[in-house]
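The same subunit A turns up in both complexes below, where it pairs with subunit B and then with subunit C.
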Partner chain A sequence: MRRGPVPAVDDPRVGLLLALADDELILGHRLSEWTGWVPYIEEDLAMSSIAQDEMAHARVLFGIVSSIDRRDEDRLALGRAPEEYRNALLCERPNGDFAFTLARHWLYDTADAVRLESLASSTFAELRDAVAVFRLEERYHLEHARAWFERLAGGPVEARHRFAAALSAALPDAISVFEPLPEEQALLSDGTLPEPSETLLGRWLGEAGQALDEAGLDYVLSGGAAEPGEMIPTSAGEIAGEERSVLRVPGVERRDGRWMHAGSFAGAGGRHGRHSEDFAALWGEMTGLYREHPGARW
Partner chain B sequence: MVITESSVRAALASVMDPEIPAISIVDLGIVERVAIAGESVEIDLLPTFSGCPALDAIKDDVERAARAAAPGTKVVVRFVLSPAWTTDRMTDQGRAALGSFGIAPPLLRVGRKPACPYCGSTRTHEESAFGPTLCRTIRYCDECKNPFEGFKTKA
Partner chain C sequence: MPPAVTKAIEGREGRLEQGAGPLPRPACALSWSSMEVFEVWQRRTPGDPLVRAGSIKAPDLELALLLARETHFRHHEGAECWVAHRGRMHAVAHPETMGGVTDRSYRRQDGYVGVGARHKKLSEALRARGLTVDAPRPGARGG
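Showing the complex of A and B:
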């Protein structure tokens, strides 16, 4: 049944499960590209372990999809056309340098934590059970991401500059983790989704914005420039203010001291199956063996 | 021979974790349910970590052990996600077995820090939350200056 026609199942829960699973699958694939290449052994283990966890979570979710529409796990993971993948664009971006990988890691895992916390009260029992397990495992990803955030935001100067530049580059895509699903209304009406994506986005931006404020990195959201020579307090002591390119994350603004989402979804499209050029290359490599050797087992 | 839940459970006590052969799956706390339903034996297991590559091997071993203990019956083994497995399901015997294997047992929700498996000191700290397998961390003993592995706390 692996290569048979896609069964006609019109269940809005499949759209949600695939969005969640594809985020984990594609990010897991990207992180696995670091295996053997990270600057030192503990981080190599961390990236590989996190990749392994994310792919396992995808597999659990594909298992739930399979129980609904009978497509097998391998076919769900590797046998879909590019436009059938629902991951957020953030997850498909190339790893870049280590700063970008860690910026994406922090943005994704803090966003994922907000999403999973909400889904813990879903009316969809199988998803709720899976989410309870995921949260116990994601806790270690979050601690890892936060430790690196503190470390890089605290300097030295080059580390902080590169981390800030990476956060700026990744932020518009991070917002699209919360791009509303095409099936959102149906999922909200029966409590499968306890809260709208927009509510979760607001909550995440508030939390992430606060962390950026506290680290003196809020300019990656606002694009406001520091005065030349201004000193910024960090955990490693005061460092000179960086030269900032004026950059603004579309759809984000500060109201009454709190970072809010103001409406537009830059970098959106993933939830509707629209992807970047980066995805085409990733898809080609990830699914190559499956396409070349139908029925291969591993 | 009468096949009962307890006779099947007794058989499962000899199924060891393939990656840490000192601890049985019963002491690991992953055997959630054993039921005799007519002509079949149903066994529900809880995955320790979702991405553990030993899960398939554990399932095969459980099927084999259950078939030997209940000949002629149908054996159905499956992994379930509820309740979520946590390290406090591990038995005291299992914690002791990990220690003797050289892996510090997981932290308890309430209680003391894991002791160094070499010298017994609790003056230890975590070096890396990620280790050679998903369920292990790398710790360091500040007393005898040895690195060691610890079972990752899941709670």
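Showing the complex of A and C:
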């Protein structure tokens, strides 16, 4: 197996593929941490199955990267330095309690659905085909997330409290799913990305905002409106030898009865390989075996 | 908890707790008493009959439908998955008398064991006396 420096392949599509794959890989890893610990067995199986689906999607995307730059799947999944991972900060956050996990699940899967719907008309045929397959499975994830959303949002006070707190806490991170990619301009110009990330952010906030309105939980959004431009600490400091940095995400406001973003992104987050402290521990565990035993196979 | 969260909760939900002291914290979000049992059914291929795949616990029908597929169908076990609330299924009374308790073996196929051989033996005895059975056997074709 080849190790060493990343081959210099100057293809903007790799950046997009890794962002999509890493979201699925890292969220899949987080969800798999619940295996055996979910409040009851049927939900444990569903959560673990969703984790496996996410990892399978990452694998398909790594396969496409592999066809472009010849890095093998294991190396892409486990053999990169922390600052080479492109996942959104949302995916790397620790699971917290069941309410946070389900809030993150709902935020991520509704955001992912908007993103996949757009990518379904990408000019990049391999990606478009993969997206068509992912959407079949993501439909279940979405139904699962929505079912729990309704039950926790409408549940007893304790459940509703915890769920609302989790949604509020995760909201800025969820917005960062739509942090523009460094390669965004190139990807837009050839139609690989049919729409800018910011357009998708607006669409997602409109849809998610409507669901939150209907559940009487819109105040989790107005928490963001009070201080537009929430700052999310990111840090690749020790690893990349760069200064500690922050990602500033747009605020949220209601205009003409519809939730949308206000302002734009500044700084650098997950899409630029800048991660939170939470990522370091996850990376250490996830890649430990691969680093200890180079070339190990299943 | 971030200040924005605390603020949001105080703004809307905090009122619910006023004067009541902190709410007791359950061990998990779900209460066991709200769980119902659902029987799960499958067809292995689209033409097959429904057979039981097992059972699951879920708080309601919608979650039962969502969870049944990952509990019993995550390895391509079947082409269709159905769930039925156990409380909506009803057992017939007195199952011990089903099929009857007195001898009605004539109703069963095994009640006819040996009829052909007896018929043949009787026919031979009649033939020895120069007689034949000219009525067709019940159910015999042509004859």
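Just so it is clear, the second predicted complex is superposed on the first by the 263 of 298 C-alpha atoms of A that agree within 3 Å, B and C clash if a C-alpha of one lies under 4 Å from a C-alpha of the other, contacts with A are read in each partner's own complex, and residues count from 1 in each chain.
Convention: a residue touches a chain if its C-beta (ideal position, glycine included) is under 8 Å from a C-beta of that chain, and two chains touch if they have at least 3 such contacts.
Given the structure is predicted, the values throughout are model-derived calculations rather than measurements.
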Ask   = Clash or fit: how do subunit B and subunit C relate after the overlay on subunit A?
value = clash
Ask   = Is A:Leu136 touching the first partner subunit B, the second partner subunit C, both, or neither of them?
value = first
Request  = For A:Ala99, select first, second, both or neither according to whether it touches subunit B, subunit C, the two together, or no partner.
outcome  = second
Query = Given the touch rule stated above, what does A:Leu152 touch, subunit B (first), subunit C (second), both, or neither?
reply = second
Inquiry  = After the superposition on A, what does A:Ala165 contact: first (subunit B), second (subunit C), both or neither?
reply    = second
Key: Contacts of A:Ala56 with subunit B and subunit C, given as first, second, both or neither   = first
First (subunit B), second (subunit C), both or neither touched by A:Tyr219 = second
Request  = State whether subunit B or subunit C is in contact with more residues of subunit A in the superposed arrangement.
outcome  = C
Ask   = Is A:His144 touching the first partner subunit B, the second partner subunit C, both, or neither of them?
value = both
Request  = Could you look at A:Ala46 and tell me whether it touches subunit B, subunit C, both or neither (first, second, both, neither)?
outcome  = both
Inquiry  = Identify the residues of subunit A that lie in both the subunit B contact region and the subunit C contact region.
reply    = 42, 45-46, 49, 140, 143-144
Note = Per the touch rule, the subunit A residues reaching subunit B in their complex are 42, 45-46, 48-50, 52-53, 55-57, 59-60, 126, 129-130, 132-134, 136-137, 140, 143-144
Ask   = Which residues of subunit A touch subunit C in their complex?
value = 39-43, 45-46, 49, 98-99, 140, 143-144, 147, 151-152, 155, 157-162, 164-165, 168-169, 216, 219-220, 222-224, 226-227
Task = Can you check the complex and tell me which residues of subunit C touch subunit A?
result = 1-2, 4-5, 7-9, 11-13, 16-17, 23, 25-26, 28-30, 35, 56-59, 62-63, 66-71, 74
Query = Which residues of subunit B touch subunit A in their complex?
reply = 47, 49-52, 81-82, 84-86, 127-132, 134, 138, 152, 154-155
